[in-house]
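Next up, some structures in structure tokens.
One chain, chain A, links the two complexes that follow: it is found with chain B in the first and with chain C in the second.
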Partner chain A sequence: MNKNLPLMSMFYLISLMGMISSNNWFMFWIFMEMNSLCFIPLMLIKKTKKGGEASLLYFIVQGISSMFLLMAMINEESSLMDVSEPNSSLITVAFLKMGAGVFFNWLFLLSFSITLSILLLILTLQKLSGFFLLLLSQAGLSYLMLIFIFLSSFMAMFINMKQNLFKSMLTVSSLSNTSWLLTAVVTTYSGWMFYFAVYSFSLVLSSTMNNKYLDQNYRNSDTLENPLLFLSMGGLPPMPGFFPKILILMNLSYSRLSLLSIFLLLAACVDIFIYLRFSFTSALKNNGNLMYCKAVTTKSIKMLSLSAVTMVTMMAIML
Partner chain B sequence: MRYFSILILLIMLSLPLMMFSFLGAVDLAVLFVLFLFTIFTGGPIFFISEILFFDKISFLLIILSFWLFSLMFLLGQKYKILKVSLMKYKMYMYILMSFIVFSVMFSDLMAFYIFFEISLVPLVFIILGWGYQVERVQAFFYLFLYTMFGSLPLLFFFLLTYSYLSLDWLMLYYLKNYSENFVLLLFLAMMIAFFIKLPLYGFHLWLPKAHVEAPVSGSMILAAVLLKLSLYGFYRVSPLMKPLFFFFFFALVFLFWGALLSSLVCLRQTDMKSLIAYSSVGHMGVMLGGFFFFSQMGLKAAIIIMMSHAFCSSALFYLVNFHYERSYSRQIFNNRGQFIFFGMLMSFWFLFLAINFSAPPFLSLVGELGVFISSFGKDLTYMYVLGLASFVVAAFCIYLFSVVIHGLGLKHYILQVEMDLNFFVLSYHFLPALLMVLLLDFF
Partner chain C sequence: MTLWLSGFFFVFFLIMTFFLFSMGVTVIEFQLFTSFFTSLSVSFVIDFYSILFASVVSFISAMIFFFSQFYMDGDTQQKGFSLLLSGFVISMFFLIFSPNLFFLLLGWDGLGLVSYLLVVYYMSVSSSVAGMLTFLMNRVGDIFFLFSLSLFSLFSLFSYFDNKALVFVQMGAFFLLITFITKSAQIPFSSWLPAAMAAPTPVSSLVHSSTLVTAGVFLLIRFSPLMLKFFYFLIVISVFTMLMAGTMANLEWDMKKIIAYSTLSQLSFMMLSYSTGLIIFCFFHLLTHALFKASLFMSGGLVIHSEDSSQDFRNMSPFSSGKKLFASSFVVCILSLCGFPFLSGFFSKDLILDTLLSSFVLIILFLIGVFMTILYSLRFSYYMLISLSSFRSSLSGVYENVKYLILPIWSLIIFSIVMGSFWSEFFFNFFFFFTYLLSIWKLFYLMLVAFLSLAYMFILKKIFFLKLYFFSFMWVLNQNMTARGVKLFTIMADKIFCFLDQSWWEFYGPQNIFFSFTSASVLVMSFVEWSLVYFFALFIFLLFFFI
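Presenting the complex of A and B:
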């Protein structure tokens, strides 16, 4: 246990709060820097083989993006103290920070050399800075945005087909979820919030459960909640993961964005395929003995009841 | 009032079922409640509450699913012996049944869609959990991805409908100011989703795989109830399709031609289960084709084929499984000459194959005649395709019968006798299929 951990995590949370509540670009930039500087020591708490390399990579990417943000602020005329018209460089900074579209590769490289908990932080909380950049700059559904949305889900589809590690699968599928989130963040704010909350929750839940097994491709044979959680993340109808999606889709259908929404839905279909490929072993009943499995029954029963309760509540809200 | 006759018949039939299983009693109770509803509220549509209702087609589907699921619980008894969890099997069956029943009872389009989709999940878990071979994983992916790929775009178009008007089924009759372009797109999305679920020949690849890998109860439910939900969906959305009726004739060509082709595929099948799966592809094509004429007779014929095919295909899958449990093979040539061993059961083979190719006294004949008559009223060229298709169906039924029953038997069976359970299950498939001919005025 590192002595600096409480301080670091406090500053980390403060930086997130500050980023959310700042009303001019300069303060936003300061809190963004603070955020990445607090996060890098957090990455180094648990020593891994390539931890130093990973933190350096993270620092470089965040440094470049903050530099771009500074330049974008200076370039704009009405700029420094004002939330003004979005320009494409601001949007690009956001994409770079959250690893959307063509900027995905640094995130993918990073995912191999960090621990699972840090990866979960990067996939959920660290993306907030990018999304709040987009929210503050009031970016609309411009061509650049559309290109990155399409690219994200395309790339996620094709890269994810050949992944067989759980961590890298999560990373790539977060890319396709990023395309949903980007669509939401420029069309419907409440849909974005709902989607982000449900996605982060189910991501953390599924990966903490998965962490119990030594070999991450095979799981305990008699549990149901793993496929259910993954189906929820893929967005099969009555699961919790479906409702933010339907909220976003309803907004898209009001503004008649048929092509985008059908594309996103078909990408979600591929997502479900990927998630199921990682979870179907737990649905096979008479499958001989799986050697490298530890059964964690009491905990999984709790999880099952939790997810069942969530499901039922969501259905009640729906009906 | 016409609901009385069919309800009284089914209540009388389900009395002995009650003795065997708990769900038999539930079945009886549900039938009785429906009976009370038909007494106290008149008219063609019965509202149970603000969001639940049933009319003729959903009434039939509810009764069908209760009937078949109570038999499934009987079949589950063998998992007691096989040390596979009986409790979980029952749980999945209850979940699946409630999803199917809810999906046909909700008056809301979105609720129908959700239950239609989620009914896939317990089925998938039944296939994965209680299937026989490793190939069930592939079958699972086929089943899941085909269905999802079709029905996710449909979700978007249902949402578009929502932006025009409420999603109540009955309100669709009053939908006025929509553009034809929108209806065309909705129509195409529905076509793809429900044709995959049906399945139309060409979208059918998941069905033989799923049937081959599924345990007997899974494939019985899949053939008997789940495939029929696509007819239900088309029936409910048909008021929207008024400006596009001409377009359905293109679909008709595919449906009937697909029926012929799948029957031809049956002739060269050696796997008994996939043979019956392909034959149900053909029957489903004829069923939806009858509905697509949008005449009274076509609709009635489609519903009649729906009922008769539910009982007959489910019983045929049960018979195939009977032989599988004894010879551990679904191959037709490993199961030949069975008359020596199982004489009584062969009469059921004969009867259900007769129902399958619509021999005279049974319900399926009435349905197919209805489809023929309504198609000849439109265009006589349907005659060639439909006539040839029904001939080929008869041909493969006779082929299956002759190989399984006649000839020299192989002698490496496990000598399990024909049990009471088999006769019970089969006669509970046969009796409704036979006795409903007496109640034709209901349909």
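Presenting the complex of A and C:
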């Protein structure tokens, strides 16, 4: 273990706290830079073949986004993209940091060349900076936002059809979940928190379970827990992922955003179809190497995952 | 075991009578599960309807358990039989006390399952066929129940307190109506009722007096605010059922089946009074009918038992030389069925007849139905009471167990004599005695009945036998609702499967969608995998916007 890891992770957490509690854009920019500067060494802790390239790519993207943030700070009045409201440039920066919509490209490329734990951090905690930016700029449901939500859900739907690898499936599902989270962050704050908590929890659970299946063809995985987690992320009713989705849909129906909810539901249906296709192959397959499977996933991890899933479900029901 | 259960239900009856005079509605609700879109709760409603009906059900079931100690005496599986019978009563209590559709469904399916198990109790081929007919016909009703449950759950309306006039709720109410008329065997679904006579006689007694077939009527009364729009529909159905059941009872030679058809005609009588808006009178007739029908079936069971399990009453005359006690109980039941003055059937039937006078067409059809009732009860009692051929020693094996017979039959007889006036005095006091004196039409009615029965003896009988096939096979309902109806559906399903499901529907539906999605995903993937060149182009494009 790297001896700088505790310090770096502390600074990392401080940067996240600072971002949400800063009262002007300059402080926000400083904490954002601090965040990316803490995170890039974290990416390099485990030496991999493409690690340097990945960290460089990540650095470039973060640099571009912080540059845009600075520019938006400087000429707030004269930005050309303000179609409906003044902070559309800030929203664009947030999309760039999250990899939403057409900016999904860098995240997808990055996902092939980093380890699973770093990927999970990018998909959960690193997305927080973008959402904080949206929250602080009090972004509403503008045309730009709607376009990006539609683009995210549709791109995720289409890209998901062709994915076999575990990590790329996680990345693409994060894109479709980003569209839900963006919808939530501009309509209901509590729904966004609930969705984010359940989604992050499911992702972390998948990392504990799936260590041995890294970079393998996902269709050949032997366990049943992964399909369950993916179905949860897709939003099949008894799973925990269903409850935040129905909460957001209820909020959308209260505010009469029927078109948006129909689009989101359509994308979720296709996602569930794809995940079900995978889970059929892994659930109905005659497991030849059952002994190997037992050696890999120990009983305690299974129990842990099951209890965690039920706990999250109960939490969801109580809310 | 059987006597213990009998005692248990009798104690329950006493408790119910204790609650009977505490008017008002009490709803006890336990919340099982709640979430932000729906909540599910176990609830019991204790009001006038549920208390009164539950007391009648528990009293009758106590008497029937007592009777089955006599009737099922030599049976090897008497314990299982009485447990199944108590399952009947318990699922009936679910139906009575629960306003919640989920728990109604529980009781409903319990009734269907237990009725199947009891119809196939004697384990012969014919009883198996009858049981399957009963079960599947009730299953049709269950499917409509599930339809309506899903429609109501769209608005999370699970109890009959919260009904709103929405379109879907009206649709769900229509499905519920179909469910209830399957259970009470109205006309498209009435072929199972005579088939269910394959069950042991205590079962038939319980089924026809207060549990299975009256459950439909009871729930109709419960859901009456929802059903207001379908009363016209129900009038037609019940009138036709009444005529059909009357003709069938006049042409049948099986003793139990005659009683079954008489139940059917009484049920449609209740339905008719319900569908003309006389809901409380319908409930009153439900209660009085339960009492005399249970004791009528018990007398029938006694006759079957004494005649070596023969149900054909052409060659027997059990009461002519046997005990006068049971013969008189039989007479009281029959008279109460006809509505003889000051028996319990009179109070409820007369109330309905008086009130129905407002509509002319209705009253004509109705009078024909009531005429049929009197006709078949006269015919039935003629064959039962007057000795035609007495070469058999009647009621020979009964005398050992006579203590198990006197208590149930005669307590029900006393109830059916007394309770009509009692209930009408306490609960249904809508009418006064001078209405009897004023309604002179009844005199004309009696003369009409006498004339028509004479005409039947000489003229109408020939007309009936010209159309023998049509009339004596339940208006061809049996064939149409079983083999022919199923064949129609299978042919249609086969056609749909060939021409739609496996051919162009599949090709332009799922296959087409899958193909177009895959090609679109290839396009989008090429866009995403276009490396970083695309990304930097986008960046430069954005730069133009910001400057």
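Going forward, the second predicted complex is superposed on the first by the 252 of 319 C-alpha atoms of A that agree within 3 Å, B and C clash if a C-alpha of one lies under 4 Å from a C-alpha of the other, contacts with A are read in each partner's own complex, and residues count from 1 in each chain.
Simple rule for what comes next: a contact is a pair of C-beta atoms (placed from the backbone, for glycine too) under 8 Å apart; a residue touches a chain by one contact, two chains touch by 3 or more.
Quantities reported herein were computed from a predicted structural model and do not represent experimental measurements.
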Touched partner set for A:Y254, first chain B, second chain C, both or neither: first
First, second, both or neither for A:F150, with chain B first and chain C second: neither
Contacts of A:L236 with chain B and chain C, given as first, second, both or neither: first
Contacts of A:I246 with chain B and chain C, given as first, second, both or neither: both
Which of chain B and chain C A:L265 touches, first, second, both or neither: first
Partner chain(s) touched by A:F26 [first = chain B, second = chain C, both, neither]: neither
Overlapping contact positions on chain A, where the chain C interface meets the chain B interface: 246, 250, 319
Sites on chain A touched by chain B in the complex: 222, 224, 227, 231, 236-238, 246, 249-250, 252-254, 258, 261-262, 265-266, 268-269, 272-273, 276-277, 280, 283-286, 318-319
Footprint of chain A on chain B - complex, ascending: 51, 84-85, 88, 110-111, 113-115, 117-118, 121, 124-125, 128-130, 137, 140-141, 144-145, 148-149, 152-153, 155-156, 159-160, 162-163, 185
Chain C to chain A touching residues, read off their complex: 33, 35-37, 517-518, 520-525, 528-532, 534-535, 538-539, 542, 545-547
Complex interface listing, chain A residues touching chain C: 57, 64, 68, 71-72, 75, 79-81, 89, 92, 102-106, 108-109, 155, 157-162, 246-247, 250, 270, 317, 319
